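By letter and in written order, the chains are A, B, C, D, E and F; residue numbering begins at 1 in each of them.
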């Protein structure tokens, strides 16, 4: 079976992302989390720090690897012989954007397929942008992100 | 890797369904098409005939099996040791229903996951209910369903 | 310019339908209201009665004709040399269905185009099925349908 | 403050409905659950039985009353001096229908307002129609409906 | 009954906001309009000016108070003993965002509930961001905002 | 028949836009492409260059004119005696925004109507913002935009 890649910006990674990683690591033989970096965007947390955070989050999942990638996700898939892009979908509004993104990726490379895994109901609210805003207002995010992420956000927003 | 099942009523099967079957047979080791039969529903084409149609449609896909099942899809998955339910999603409105269905299945059996594969753009219009209506009005459906299905529908709607 | 056809079941016709007819009769040279009849469906009001009602509703619009048609709408368009199918869209949920219908019609006949005209805000609530239900419960529908329709529904639901 | 009514068919009542009843009984002074009966519809569970079930479900909520009503909900509100119709909304697709319903009710009676309370995430999957189908297939619905409802459905679907 | 708060940025306040305030002041015993201020955002109209505008708009509604608040809305609710957050919803797209926001607020404070009141049809188009853009292009906004807001925007966009 | 205008930012123009222009030039007597310029926005491609690009794209369509306009689109329509604004809609998410925009334009000028033409399935993925991003990552956009646009984007993103 083909390697599955799970791309995203993960800025920050949430318990919802972790749930997808755990479930996908059970379903698929090999999973690679790809932190997609757009050099023209400003991120809340530097890519290197997100890489470290996610590595800590998945350290017990033996078939999961984490990398950063600057470029088109389909090019990473092509280069590393992955055929499946995995995306978590939380709700209808997510799906709209995701559907379009999957069609663009299909147009760029016909061989690579996108599959969607629905987010667990417990994690519906965990949009990274909302978590950044909560952290800035010192809202309690301990149920929303893994401990390593919570500590980093608290340091950052002091 | 786990067996993947692709359940549906396929009443009738369309070129869109066939496209999902072909693409999934490349992505996954083993695929099982499950014609889900609800004894309290009236179907346009009898289950046995749909079974024969789909077997003809996938006869060149070596890792694809076709069965009928009367009961809950999660029970079939549990019984046959499948862990992944595959569903094609054509558009936003599909997804809404599919998302809810996947949550119900998760509630019935936590171990079994649903994944979604977006329908190819060429097949967006191929809803089985629309094809039934076109067939009844003698519309041209030759681009919408495989030849074996077209012939059966033409016989039926003469 | 090509003739524009405005198909629908109009069961019953509403003030929202009338609003589309009036506005389209200003925008386009020739408009034809096509009451699409599916012989396998049960209608609340017989097609002939709907034809009479709509003719009364548009009697002051000189460039509007009303017909009934049993068959595919694109076949009517082809036969009568119309190139544009007009549909009113009230809201997002309408559009979803309408979009799919327009793609099916495009697949059946590439030459014929569907255009959408948004319903006026005043008429958002006027779904024919809701009006049938209100009429059965003797709700006040005098603001929702033209007088000729209201009287017919009142006779019917006495 | 005005009495709040919570209308629905509740066929069957679910844990999601019960959750709305409990939360509304905290927020509002007086809540009335109105089982809306349409004499032209076939129900899975007779209205009288639904009335008994819901009375058992809310027996510890002192400010909650349960009634059945055959007619338009706004007429019940007018007659009993309620000014607020409460509806639970589970997801986007619900809201679409609910929004339209609220506009129809507003058109019928300007004085009566509809407010929406979002369903708790735990109860997103609990659509009554899905529960009926699960019950018919002997799926496990013990987490989805109160015990009194589960027992009745099990007796019914034996 | 609990106090109800109606938070928002109101940048600028519109006739749609005013409509919600008026209707809510009839339905609930006490209403508090909370101008939520995020110190990291740039606003079109300073918070103090919005406060004055809304106070003028609601001066005849005796049970309505207006305040500004810098922080999480649930913290304001907790601090002032409010249990209900009221949000106006204009259309499906609004609801999507609002639904998520309500779930985040629920996650932050289980005791505080969000209820939605649908915007009156007349005010569907009144998104504050659209009004800002119209004002900059000197479009006629006299039907969209109260006089006190129109005058301020005209001064600002001269 | 009235002149039809097709406004947009076209930053850059895509094959999807060109498809709408071609189809509309068949359906309507006179079409005018209006490049709407908001002086407070930053564009990827200057308005003058977009004007040249689109003129090259439509040079074989005799009834199509291209202009730039700084101001409200309804004011351009009024000034030039157009009665119909044409907008292409690719999918549900487009429609939501477009529907609201059409209601705002209706509020600004009751005489001017917006009609929607669905984008051809082949061009669903062609959102200008996605094409800008692909161009920056040197993705292959030759199937997505006309040659004149591809060359300009390649020069720009070298």
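For this structure, a couple of remarks:
By definition in this document, a contact is a pair of C-beta atoms (placed from the backbone, for glycine too) under 8 Å apart; a residue touches a chain by one contact, two chains touch by 3 or more.
It should be emphasised that the depicted structure is a prediction, and the values quoted were computed from it without experimental measurement.
In summary, the chains found to touch both chain B and chain D are A, C. The chain with its Cα centroid farthest from the Cα centroid of chain E is B. Residue-number overlap of contact pairs with B-D passes half for only one option from C-E, A-F or C-F: A-F. Centre-to-centre separation of chain A and chain B, using mean CA positions: 30 Å.
Put simply, the C-alpha centre of chain B and that of chain C have 34 angstrom between them.
Chain centres here are Cα averages; for chain B and chain E they lie 47 Å apart. Counting partners per residue, chain C has 91-93, 96, 103, 121, 124-125 as the residues that reach two or more other chains. Listed by label, the pairs of touching chains are A-B, A-D, A-E, A-F, B-C, B-D, B-F, C-D, C-E, C-F, D-E, E-F.
Across the complex, chain F is touched by residues 1-2, 23, 26-29, 83-84, 89, 91-92, 95-96, 99, 102-103, 106, 113-118, 120-121 of chain C.
The touching residues of chain F, counted against chain B in their complex, run 91-93, 121-122, 124-125.
Taken in their complex, chain E has these residues touching chain A: 38, 40, 71-72, 96-97, 100, 103-104, 107-108.
The touching residues of chain E, when paired with chain F in their complex, are 91-93, 124-125, 127, 130, 133-134, 136-137, 139-140, 143-144.
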